[in-house]
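Note that the chains are named A, B, C, D, E and F in the order they appear, and that numbering of residues resets to 1 at the start of each chain.
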Amino acid sequence: MPRMRVAQLTLGMTLRKQLFLLRDKRVTTTRAGSLLLHVTLADRSGAVAGVYFDVPAHVPDSLVTAKGVEVAGRVAEFRGQMQINIDRIVPARLPDPEDFLPTATRPLEEMIGEFEALLASIQDPHLSGLLSSVFDDAQTHKAFCRAPAAKRYHHACVGGLLEHSLAVARLALAACEVYPQLNSDLVLTLAILHDLGKIHTYDPISFDRTDQGSLWAHVYLSASLAERRMEELPDFPAELRLRVVHAILAHHGRLENGSPVLPMTLEAIVLADADKLDADARGAIDHLARAHGDSSSFTEHSFMHETRLYRGAMESPGAAQGEERP
Amino acid sequence: MPRMRVAQLTLGMTLRKQLFLLRDKRVTTTRAGSLLLHVTLADRSGAVAGVYFDVPAHVPDSLVTAKGVEVAGRVAEFRGQMQINIDRIVPARLPDPEDFLPTATRPLEEMIGEFEALLASIQDPHLSGLLSSVFDDAQTHKAFCRAPAAKRYHHACVGGLLEHSLAVARLALAACEVYPQLNSDLVLTLAILHDLGKIHTYDPISFDRTDQGSLWAHVYLSASLAERRMEELPDFPAELRLRVVHAILAHHGRLENGSPVLPMTLEAIVLADADKLDADARGAIDHLARAHGDSSSFTEHSFMHETRLYRGAMESPGAAQGEERP
Amino acid sequence: MPRMRVAQLTLGMTLRKQLFLLRDKRVTTTRAGSLLLHVTLADRSGAVAGVYFDVPAHVPDSLVTAKGVEVAGRVAEFRGQMQINIDRIVPARLPDPEDFLPTATRPLEEMIGEFEALLASIQDPHLSGLLSSVFDDAQTHKAFCRAPAAKRYHHACVGGLLEHSLAVARLALAACEVYPQLNSDLVLTLAILHDLGKIHTYDPISFDRTDQGSLWAHVYLSASLAERRMEELPDFPAELRLRVVHAILAHHGRLENGSPVLPMTLEAIVLADADKLDADARGAIDHLARAHGDSSSFTEHSFMHETRLYRGAMESPGAAQGEERP
Amino acid sequence: MPRMRVAQLTLGMTLRKQLFLLRDKRVTTTRAGSLLLHVTLADRSGAVAGVYFDVPAHVPDSLVTAKGVEVAGRVAEFRGQMQINIDRIVPARLPDPEDFLPTATRPLEEMIGEFEALLASIQDPHLSGLLSSVFDDAQTHKAFCRAPAAKRYHHACVGGLLEHSLAVARLALAACEVYPQLNSDLVLTLAILHDLGKIHTYDPISFDRTDQGSLWAHVYLSASLAERRMEELPDFPAELRLRVVHAILAHHGRLENGSPVLPMTLEAIVLADADKLDADARGAIDHLARAHGDSSSFTEHSFMHETRLYRGAMESPGAAQGEERP
Amino acid sequence: MPRMRVAQLTLGMTLRKQLFLLRDKRVTTTRAGSLLLHVTLADRSGAVAGVYFDVPAHVPDSLVTAKGVEVAGRVAEFRGQMQINIDRIVPARLPDPEDFLPTATRPLEEMIGEFEALLASIQDPHLSGLLSSVFDDAQTHKAFCRAPAAKRYHHACVGGLLEHSLAVARLALAACEVYPQLNSDLVLTLAILHDLGKIHTYDPISFDRTDQGSLWAHVYLSASLAERRMEELPDFPAELRLRVVHAILAHHGRLENGSPVLPMTLEAIVLADADKLDADARGAIDHLARAHGDSSSFTEHSFMHETRLYRGAMESPGAAQGEERP
Amino acid sequence: MPRMRVAQLTLGMTLRKQLFLLRDKRVTTTRAGSLLLHVTLADRSGAVAGVYFDVPAHVPDSLVTAKGVEVAGRVAEFRGQMQINIDRIVPARLPDPEDFLPTATRPLEEMIGEFEALLASIQDPHLSGLLSSVFDDAQTHKAFCRAPAAKRYHHACVGGLLEHSLAVARLALAACEVYPQLNSDLVLTLAILHDLGKIHTYDPISFDRTDQGSLWAHVYLSASLAERRMEELPDFPAELRLRVVHAILAHHGRLENGSPVLPMTLEAIVLADADKLDADARGAIDHLARAHGDSSSFTEHSFMHETRLYRGAMESPGAAQGEERP
């Protein structure tokens, strides 16, 4: 059997010697006393949970996260999510490690191109200077382009943060056309920088939250990073600095969502709403995509949306119906 | 003195025989027993409150709302809002009534053009048919193009509903480019129809809420109107009907905001967030514009945004101030 | 063994060839990969969950919901709820299908009699006409008298909606005696119509929510149905129409409970509170009745009441104690 | 001019030597430095606010609350509420003090008769004994029959507490017919006792909250009073005592409304919902009755209902409309 | 194997004939039909859960709570909590029952000494008299010194209530130094009495909530007990009585936390905040202490704190990690 | 008349040529069109509002905030707060400006002494180094010792921030004795630094919020300042830095209070609760102190405590009153 990508796995499939990246591992004990190994197996096309029942005690320690593993088992399902029931898992060398990192839907190169064009489009010399001072640092540039934007699901991929930031920028750009009062250079700068702190919030391989990400939160991290860069720029206007840090702090829109201040400028308001639109929409697209193999016309509960989502009538999946949802 | 438009009034100005449309009137008694007449005076350029202290008892009854009045008085201010202190007010004939109805910022003709183009762009035959069945009725078309979208402020103008609907449509269109999964015909149809019930929610002259608007709410009115039109269309797909009514019902995004259901489809989610973005942004633009003649760098409290808004540094942005912010 | 009714099942009982209606079925996979069939088995006396461990793969597909099944297994318990552990389940013909539909506590005939008397008692010609226009339609009449009022528990039975509507009507009638200001014809009409939309909200056999029930919600459905009937009546007073639709929309009492408007008329207020009283009381009666076989003086948590309910002191269930709770 | 009762006052009326009970008085200073005397003037038919502008400094001290006053002034209006603008106010002897205490709508004698019948109807010897031990005390009986149930509006009258308690009892009785599971003796006892602590919560003349009423709250006071009486009864069953105190503590239905526990028994649940129904309905009846002399179809905002209430269409108060609201 | 204390148990340890106190027991049925016995096993050093799979049907009934048991089994883990998988459990006589009751961290004698000193330090004769009237009753004194302060965790031990009350007293004493306006005798009396009702709220062995504890809540119980004692004292000042009961009622600080009134005196405010500080801090100390054997730098979710707690960096706190956090 | 200090002013007093510091000024227009000048007049002993009715138009501009004024007028009251009704106000030179700045209750020198001792008591070299790096800067030291901690009331004084920080430190120190698990050096450092950002949040003379204070909030400012100082210290442990910034960010205890993260460490929890205790207690002390000249036993509503506060029985605490409270 040739190598199967995660996205190609289907229920009931038997795996012999499949290669995956081991994203994380955890051992639990059942009430009855036997050991379970829980892993996340990943490649470029996605990630899937795996469980090894009655795992021999030496196995978990033999595995190293962020390295390759070879797995035998069967593709099953648990609570509506796909899961590999593992029979055997051993360390393995990955021929092309790049091929095992999950990536965003959009090609990374394309997104980086759009990102560079966006940076180049900023005409305000101060904001342009700020962005340069952040992204001229090759390490930050790379981290920003590769960081995930969340621990789970779609944005839990290489390029997730970039994809989200670009989506917010596009929506903000549309808003600029509707509301000429918006300072477009400012709102685009904010679209790029508002989640910058996420480069320190998630582990680049396991996508787990870092301690700093949990204890400081990315809202603070992003604001603090931006504030420091602006301080280092000789003539950065105090007024503009006030507005940049404010909008980053306020971008979650409500105190109970973790913003220490409410949006008080037009740019901060548009940033917060565009950020919410992208999160809600992308989250819905992913949640709908994960629903499968079930005859219900609704998905499981989506915690982000606080409700189940509607997948469409299931009974007669005929042509006419298909047309309605292009 | 030539006729002054509302937008031209400035603090301290004395008015002799100014013509306005009387939008509404209300009489109160002061604690000390004298009568006060409160009016809203309007023309194409905007609206302004007026107060007549110790008004002679016969005056209020002599005035008819939605008709012209001639006013003498002085432009003053009360709690940060402009107000005309009236010395005399009598009925008057308006030479060109159209000139006394406040209108949206954008020219009505331009908006109607954009609206027609939008209607024409819908390719799904069922949705296109639905829109035709609604707007081919000349009365509905006119009501929709002229209705206000709110009782107060910006959207309290002829064309306010249309301007808001077009803004939501533009934002939704941008979202369609970011998320190809969106059914663009559906989301644009929803942008147009989601507030349709507002044509029955506000009085077309006083912009007061109608009894029906208060007791049924525009969310219900819009959904019910759309449902009935779809029922009358012979082959309208049941599935699509489900989605249209659902998204209209859900467009306030949260139960506590008056939507009886949460958004459960991608189109309903994008509609709700785009509606919120336009309301927040437009509300901020207007709130900032109303602040004037005051040296504070913040506006009064904005109830919509639950905070004051930032107008920018006001005083001499000199060195001393800069020192405070390291 | 003669046929056992659901209400007669007791823990530990062994079933050989018991007949039930199959209300619904669902297949899941355990973490360890085996198949589980979950079913709801019902007859006139109630419904009970069933589970078939390691069900052969062909069994689930052989079963048809809303048809009869013959079951062998044992009556067990899971998390405080009775459950049949199934050893065998096959399709079967039900000799008297009527006997397998769970029904309300009160005899259906008795309730229909009370309902007819209630309809006949309405003297306002417009409201009487409205009710006729709704219930003269035999299909609606039948659907209303047979629909459940909820997916689970007591009201999940044939006649559940009718029983609830009659209870609300009785409470409203008592309120009319206390508050002569109430329009009694109106409040009784509302008691009957406020949940009318539930005839489209639940599947008549599985009692599952329909797509329309989830996406539109019964508050909207009821209001929209009533509005349309009133529109078709030639002389129905506009004022009365306003009040009927308003009260139906407002009957959940609070925006966060899914009413798009708050109750603003006396009748709407009494309707909402009487509806809440019946839901709370009936829900408590059922929750207490389901608690069994456990020595705790409290039930499990009741999500409707947001607390556990008190069953009474358990230790010495003597005579004195019994007297206290007649 | 003969003596006018409060209920007979109409806007614009001039008063010469009218007698009232002085319910309370308060002196404030205007921003401009003059003194204002605020009083509440009352008689059997109701209460009305009065204001004395630039009151001579010796006047306030000459007046004694809970005694008679003679007033000259004019009936005006302030913020939609009637108000007497006072020109002169002096102490006066009331010929028949009883005639100056506002009373409930229902005749006190009739209510006391209903109350006695209710007490006599309780058959459970323990509950009957509890009620006797409370109300055989003549002072408590009198206090209970005369206490107000609130500081303002309808229930701010002699007999207000009794009227409310009887209304709750009637609603509970109706519930007993709908739900035979209810212990009717218990729920009626609770209807009578749940607000007993209000006899210590409001001043019997000014209807102001007492310190104890503010610091302990009537929920606690009622429960504590009932607990003590039960303790003194030799054989009162412990289980029943648990239930009585619990239901009194829980009768506000939600923690945020001041109940330290949620209702956990059927009787507690029905008590809480019936209490809410009477408060909501009575509050609406009073709020609607207070609205007057205004052409709006809605009342002012009702804080209890968190919304304005609908008074009915105002434009054409013709026959047809009258028919709709008998 | 000598007797192991609960605190000495480690994962994987095998137990042969270990003695424990049986705190409580509960039988459930698995979905597959077998019986599970759940017990809480305790000694002076702590408590641990135990599970007996497929327990023979006669075993549960042979065991008596609050008596000794002899257990064989293995120390395992379930969901991050230690658990004994039981192979055999039989009744047994405890040689020294005192040695099997879990106790507070601080020695009981030391705490009682501090408690006596605290009582002696109260100089206000009325408050001192109140405390005497409560604690001169030997049974109350003993119950207070031995009662737990919660069902679970740290305060679920003999002396838990005393330890909590002393901690609150110490914090209140510190507050007295910072705010000389505080009545120190009053606030210390409140620290001692505010949770007095907990002696009736928890079973002294199983630490389960009593029916009274659930139905009346300790806030009410404490206030009612204190009110009655003060009533019995001949000259207790009415004003002081008002303040004592008020502060006890208000000590949960917010209505939604079960206080029927908000704190309105300085002493009530300080009591509520000191109570919260001790609960939060002690809860965090215990939650952190229970986390073990896991490489995560965060604990499981703490429901009291509504978040996970930070345990500190776990992995090699080396250079690489430092690099991630600039 | 000699100079009267603010604290010596009493109702009705007439002022001739009193010197004050002008803290702020604001001009409004009455509805009737006349100008009002609102000022805050202050000296070392406190601050008082002043109003100048029909102020001549040139007066407001002649006055300079943070400079001296000479005032004539009368001491009146408005809504329960003292207010000077101004007849004349002119610029004036203050002989000893220091004497016109309101100061904390505790002598500044005493507090600075305590502060220095506190700094010296920190033994952890890193935390000690951090504090040195902050406070060795003379400007920061001075700003910290003189900044107010709030815009209004007690903490609106020179030394208010210092007084609050010391109070939190004392409470934290008491907590260290109760919970030996606390890192006392860390919690004391946090007590000192948690509100450091307030030196940039309030204007040092007018005590108005700065733009930065409103847009960034002091929670962010304090965390960002501390983070930067730690970064500059060569060997500051990463783990300790994580904890310091975390606790500062979390010190408002709840997201809805403006903390972007919840407290997750013991020190952060104790800091948040001690901060709340000082705010609540100090706020109550001040609110009670401001109530005066009124016979009510309760204060006006305190927004901080969401209730009125109890001042104690006011009237003749004689027998009659006792009777009301059994």
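The rule is short, and it goes like this: contacts are C-beta pairs under 8 Å (C-beta built on N, C-alpha and C of every residue); 3 or more make two chains touch, one makes a residue touch a chain.
For clarity, every value in this text was computed on a predicted model and none was experimentally measured.
Looking at the partners of chain C and chain F together, the chains they share are A, B, D, E.
Of all chains, the one whose CA centroid is most distant from that of chain D is A. Counting the residue numbers that touch the partner chain, chain B and chain D have less than half of them in common. Taking each chain's centre as the mean of its C-alpha atoms, chain C lies 42 Å from chain E. Chain D has its Cα centroid 59 Å from the Cα centroid of chain A. Chain B and chain E, compared by their mean Cα positions, are separated by 58 Å.
Each of the following residues of chain E touches two or more other chains: 211, 214-215, 242-243, 246, 264, 298, 308, 310, 313, 325. For chain A in complex with chain F, the touching residues are 211-212, 214-217, 219-220, 223-224, 227-228, 242-243, 245-246, 249, 255-261, 264. Within the complex formed with chain C, the residues of chain D that make contact are 124, 126, 167, 170-171, 173-175, 177-179, 181-183, 185, 237-240, 242-243, 246, 262-266, 269-270, 273-274, 276-278, 280-282, 284-285, 288, 298, 305-310, 312-313, 320-321, 323-326. Residue ranges of chain C in contact with chain A, taken from their complex: 28-33, 211, 214-215. Of all residues in chain A, those touching chain C in their complex are 51, 53, 74, 76-79, 83, 85, 297-298, 308, 310, 313.
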